[in-house]
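Both complexes shown next keep chain A, but they swap its partner, so chain B is in the first and chain C is in the second.
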Partner chain A sequence: MKILIALVTTLVLAGAAVFYTVHAAGRDVVVVPVDPAAVDLTTPGRLVFRNEAAGPDQGAVASVSLDDPAGPRRLSSLRCGRFAVSAGTGLCLADAPGPLPSAVALVVDARLAEINRTAVAGVPNRARLSPDGALAAWTTFVTGDSYSTPGSFSTRAAMLDRRDGQLASNIEGIVLRVAGERHSAEDLNYWGVTFAADNRTFYATVSTGGRTYLVRGDFDTWQAETLRENAECPSLSPDGTRVAFKKRVQQDGARPWREHVLDLATMKETPLAETRSIDDQVAWLDDRTLAYALPGDGRTDIWTVRADGSGSPRLLVPHASSPALSASAGA
Partner chain B sequence: MYIASARRTDLAVPKTGTGRVAANVVALGVVSLVTDISSEMVTAVLPLYLVLGLGFSPLQFGLLDGLYSGVTAFVRIAGGNLADRFQRRKLVAGIGYGVSAVAKLGLLAAGSSAAALGLVLAADRTGKGLRTAPRDALISLSSEPSALGRAFGVHRAMDTVGAFLGPLVAFGLLWTVAGGYDAVFFTSFCFAVLGVVLLVLFVRDKREAVPAKAAVSMRAAVGLLRDRSLRRVCLWAVALGLVTVGDGFVFLLLQSRLEIPAAYVALLPLGTAGVYLLLAVPIGLVADRVGRWRMFLCGHLALLLAYAALLGAVDGFLLLGFVVLAHGAFYAATDGVLMAAAGPLVPSALRTSGLAVLQTGQAVARLCSSVLFGALWTGFGQGVAIGCAVGGLGLVVVLAFARPLREVP
Partner chain C sequence: MSRRFIRWAVVLGAVPVLATPLVASGTAAAAESLLSQNKPTTTSSTEDATLSGALAVDGSATTRWASAEGADPQWIAVDLGGPATVTRVKLSWEAAYAEDYRVETSNDGTTWTTRKTVTGGDGGTDEIAGLSASGRYVRVHGTKRATAYGYSLWELEVYGSRTGGGDVTPPTAPTGLAVTASTTDSVTLAWQAAQDDVGVTGYEVLRNGNVVATSATTGYADTGLASGTTFTYTVRARDAAGNLSSASAPVQASTQPGSGNGIVLVVAGDIAKREVPSEHTQTAKLVEGIKPQHVLTVGDNQYDNGTLEEYLTYYDKTWGKFKAITRPTPGNHEWYDKLNGYKSYFGNAIATPQGKPYYSWEIGDWHFVALDSDPLTDGVTGDQITWLRQDLASNTKACVAGYWHHPRFNSGQYGDLKPIAPFWDELLKAKADVVFSGHDHHYERIKPLNASGKVDEANGIRSAIVGIGGDNLYTQIKPRVGVEKSFAKHGVMKLTLSGRSYSWEIIGIDGKVLDKAGPYTCR
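Moving on, here comes the complex of A and B:
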């Protein structure tokens, strides 16, 4: 009798799980206007992003016209957690389904066809290409291999030189100077890389000893130096004179950041008109305008704000994240 | 013989268990297997869900993750004590399994609210804290005292099978339904409910006459430590816990020594779990013969050997194989074996409380150890931290071997 009850329960529960799974794909669909044309990374004047509208196309790379950003979006079949675009090349950081939690970094051409594939560990977090697409960098965050306290995490930043195919799967080994002093430590974590047009200079965040710094690195000599403290996820402006970054303005709280722009010549920082906490590596739409994703209320949208601290934030693309310009930067 | 045949247990039982493993132990093993599938499904996809699904920052994930480790210690002792007071071990374990099952639905209901998710995860951990001690008490009370090592070995092996299957089921589902985290949580809930149903149907409670209130009060539970042999087991377990660095350290060092591609690092814990699974029963059988406390110490010796290998004793595939083997053997020789060693030292009326005190002491010691190790690593560098860990473990293991817990009745 007991065995019968157990069998029936098992069958009922298995049925419920299968029923739920089969119907999971079709629920909570957010309908957005769709343009049936294909996504092309070389079409000028379009914003490329990750589609966040709940439904079968969530996570797909999509694009909208910058003239009508809330209008119909073109959808691709490429799914990414994070997507970057430079000069008609795309970098897709996606979680790879399989028996193990892992990710892949895909370099794709203008039609989103795969050119290069790298297996990566961890959860996709940031992706960037240099302005001409020669250098690629991505960050994943990894739980489970942190050596210290429970609840801590570590990040891994990787760089790929597409000219010779060389991969640095973890840039922790770079020669680092903190405030001029040679620094080596076991607790180094890098994230949020952004490249300059010379395919040599890059900026990133490093954390060590409980502090975070903005670093400037040299890809050729494999050295890096800190520029200032408390500046995360830098994004270099198209003219190369400023970086937008998130600054921690509160010690506690889960979203403690305020987005700022730093003038690299004067090292003067300007807070932006967006006062909500941004946890993103923002994109420059031109030398005066920024775009960024902002999650909240179970949805994520792309917003835009002026880079000089004036004006007020404006919703750009609903149900979208990971913004990037389709035309080459600075165009 | 060591503490395996302690004073209070029935000395008339045969020296080694030759009969079958008790049906109750197998039933508890099946419940644990199914429940572990459920909980490991969630553990496997939680970072992905929070960061990719909900857009949380890694910082937020850290805050959430840290929240639930502190909750369990108190709940464990209080729950163990209640189970003893009313002699309702199956009920308390069932409540623990039930709370965790409901928490899986809570994950669906919490949506993207960080506060709600934190509460749900804390509830899940509370359920785990509640059920562990009564479950282990039931295993020890259902088995012949002479075959406890084998009984716990069988249970832990079945438990580990579930831990293996959980991530496979979860990632299989995510592969079928892209972004289908809710399907993972719902399926996990179904497994958890099945675990509760199997517990209710097939696990028999071990009840004795409800004792006088004073005999099983919180004070009585703590008073168990007045017993010299149990106190020594607890003290040594805590001392060894303090010098046992978390698994992450072993895998991190292994990865950096062998330059394993990052994408394959996730396979290392599976290797350890595989060895644990295969060795749990044989080591439990051997422990029943040579003494469980001695086996518990040998387990730490295996860990010490793994550390030594990591520091440069061997290299290449030999290093990989040796470390995974030694690390898995460490788990097989310590986790269930300690419960088998301590069980007979606690009067059966207070069995749950006694095991809860021991488990809590060990858990707190390991938490302190990982915090301390992290601080040493950050403050003085890798070399000092590893040196302290290896030196500390070596010292405590030698001291523990030098002062065996010889309990001659």
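Moving on, here comes the complex of A and C:
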């Protein structure tokens, strides 16, 4: 398979356009153009993502030029379920071996060398860094007990303050107010954290009592309050004025979620032109443009759409997920 | 806190299809009887000493064998004592059941013949009838776990008839069981030989009802025990056919007290829960053996809401024996009843000796602050912090300990809890020595930590989480900075104060020491 990739690299360099699937050793291997240069999180104008092309490099952190997003990708040897980038720093949430579902959260430098490692319970789900990289947050799925509710799951959201190394391995203990009232419950689940540039304000999803809410939290006072219902996996815009989120529009069915953008000043929501169901914490490429992963037909691709509800979705990077902008805010 | 999600299981993908055990058709064997009860077992592994193979053939549907977690394959075999025709095998699975397994028999315990293969098992009770398998040994061989745990059977029952005669008469019960010696961590026992028509081959030694050893002779030295603790022993005899005698008359044996004539206290939390009565019954038995001067609870003493009725129905029947010497604190579960049940049950003199659910008390060179952490988790510090500051300021004792429900620093599922910082930080200022908490259902011992949770041997506070008093354990521990030891096993802390020095042991429900800490000196 390495031979195939090398071969295709040559073809790309020769100017050939390549996307095809090879049936090898009993499973599909997707061959994509490869650029042999190393992934560097400080290189401007590149989209960093998780390579989803089936084959030996699936799961590797990769990057492409935003000028040619379908073009050759740089591949690293770092494998992550979810990857985030801010200010030349990366956060990799990866599966870890163990009898129980386990993960590891790795903070990495611009060349993807490990700086910090945290053992985490559960299956990787979301990862985010604050704009200057000082705060990291990740979410895992932890699977429920078999006594009463077989197969049910809950989530676990953690925050790491890289300035002093303090880790909140489960933010469920934050003092929460729901619609102004102090709320404590055993069924609390948080997921999908996004940070503001002040390294203090954050947004996340909380579920309790069968409802989901968008919460705004204060990292310093360790308090949080709900802002509205039915808004999951928020992603704060670079200018800090809006969050993109997924809104549940069907209880079941093929398209449970529709991605929206919420104006935090007016609390007005705008549905995006993307009508397919997005189950992702989307990335802002700039204040007007979103990128997100969409699975379908046995593959996952990164798409992009305008943040104001206009236009139409466009394929950005095939066979890719977990988009993040290199050399983004702060760099 | 007690969650619905008590332990982990991975039940991904398709729902297991109902196992379809054979239904007996036609000729049932003439005289089918239970052949496996109390017969010797062997297992590939056990999850811990209190979950031995013998508990799957003891006729009790409330005790069980469990294999090590997270590994395939695992098995349990029973020796029927002689050649037999096996007609039926009945399996009562615990939550940790097998999705795929085989039922096998053997004449020699070495070479096995598969008699039934089950795939897609759904737990519960599997009755495998219609067998006509000859053999002396029966093995249940799990090849695929349904969950992330191991394999666990409440009961394994083998029915059929013994063939070719063989010895079916058990030995007489051993007599004259006596303690011949004891040290701080061991007890030596001796007894009179049992009689058997063929011959006794060995003895099983039971401590507090659990088989802890087999002995080929009429004596046994039980080691690794908690100091200054009383245990109940019995022995029973076996013959070559595996027939088991009834138990001897019990004898009480105590280990010698540890070094120094210290003040002995017990610390534990997360105790009495309706669904798991045997756990807090067993931890209470430990407390009885330790004979402490005081029992300190770190909250969630009674589930689910800590109502008076719940306290009287469960806690009172076990830990209630020590009520008069208990220095309790409440947890979130007591707060679900707004502390009404807690206050009614313990009474004002114990629950609110200084008018509030927080208070201080003294013994020897020690000043203890017993705090109510639940309001802090709601962001309410209020009068308690003011009181705590004044209480600590007026303290004249050399040593200071604090205890409450929610840990400030924690490697368990709840992690570090910032809202508890006001307690920790006040105790840091007062140069307190040690803090005990519960809430997460495991044990961990943590080096002295400063306000931000970094190790600071000189100025930090040592701490331990002791949420192992009876409720279901939480096994997902990711050790944080400073953790010296951690595990998820039921037990209690035996804390010994010796002047300005202190130490503790964690004693598991089988009476073994699971951790030793100290001695440390107050700062």
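By our rule, the second predicted complex is superposed on the first by the 292 of 331 C-alpha atoms of A that agree within 3 Å, B and C clash if a C-alpha of one lies under 4 Å from a C-alpha of the other, contacts with A are read in each partner's own complex, and residues count from 1 in each chain.
FYI, a residue touches a chain if its C-beta (ideal position, glycine included) is under 8 Å from a C-beta of that chain, and two chains touch if they have at least 3 such contacts.
Please read these numbers as outputs of a predicted model, since none were measured by experiment.
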Which superposed partner A:Pro234 touches (first chain B, second chain C, both, neither): neither
Partner chain(s) touched by A:Gln58 [first = chain B, second = chain C, both, neither]: first
First (chain B), second (chain C), both or neither touched by A:Gly90: neither
Contacts of A:Pro313 with chain B and chain C, given as first, second, both or neither: neither
Partner chain(s) touched by A:Pro69 [first = chain B, second = chain C, both, neither]: neither
Which superposed partner A:Gly209 touches (first chain B, second chain C, both, neither): first
Which superposed partner A:Pro131 touches (first chain B, second chain C, both, neither): neither
Touching partner for A:Trp222 - first (chain B), second (chain C), both, neither: second
Touched partner set for A:Pro295, first chain B, second chain C, both or neither: first
Overlap of chain C and chain B interfaces on chain A (superposed complexes): 98-101, 119-121, 142-152, 156, 169-170, 186-187
For the chain A and chain C complex, residues of the former touching the latter: 98-101, 118-121, 142-152, 154, 156, 158, 164-175, 182, 184, 186-187, 222-223
Residue ranges of chain C in contact with chain A within the complex: 1-12, 15, 69-71, 95-96, 146-148, 332, 377-379, 406, 411, 413-419, 452-454, 475-476, 478, 480-481
Residues of chain B defined as touching chain A within the complex: 44-45, 47-48, 51-52, 54-67, 69, 111-112, 114, 167-168, 171-180, 182-183, 186-187, 190-191, 193-194, 197-198, 201-202, 245-246, 248-249, 251-252, 255, 261-267, 269, 367, 370-371, 373-375, 377-378, 381-382
Residue numbers on chain A that touch chain B, as the complex places them: 2, 5-6, 9-10, 13-14, 16-17, 20-21, 24-25, 56, 58-59, 79, 81, 95, 97-102, 119-125, 141-153, 155-156, 169-170, 185-187, 209-210, 254-255, 279, 293, 295, 297-298, 300, 321
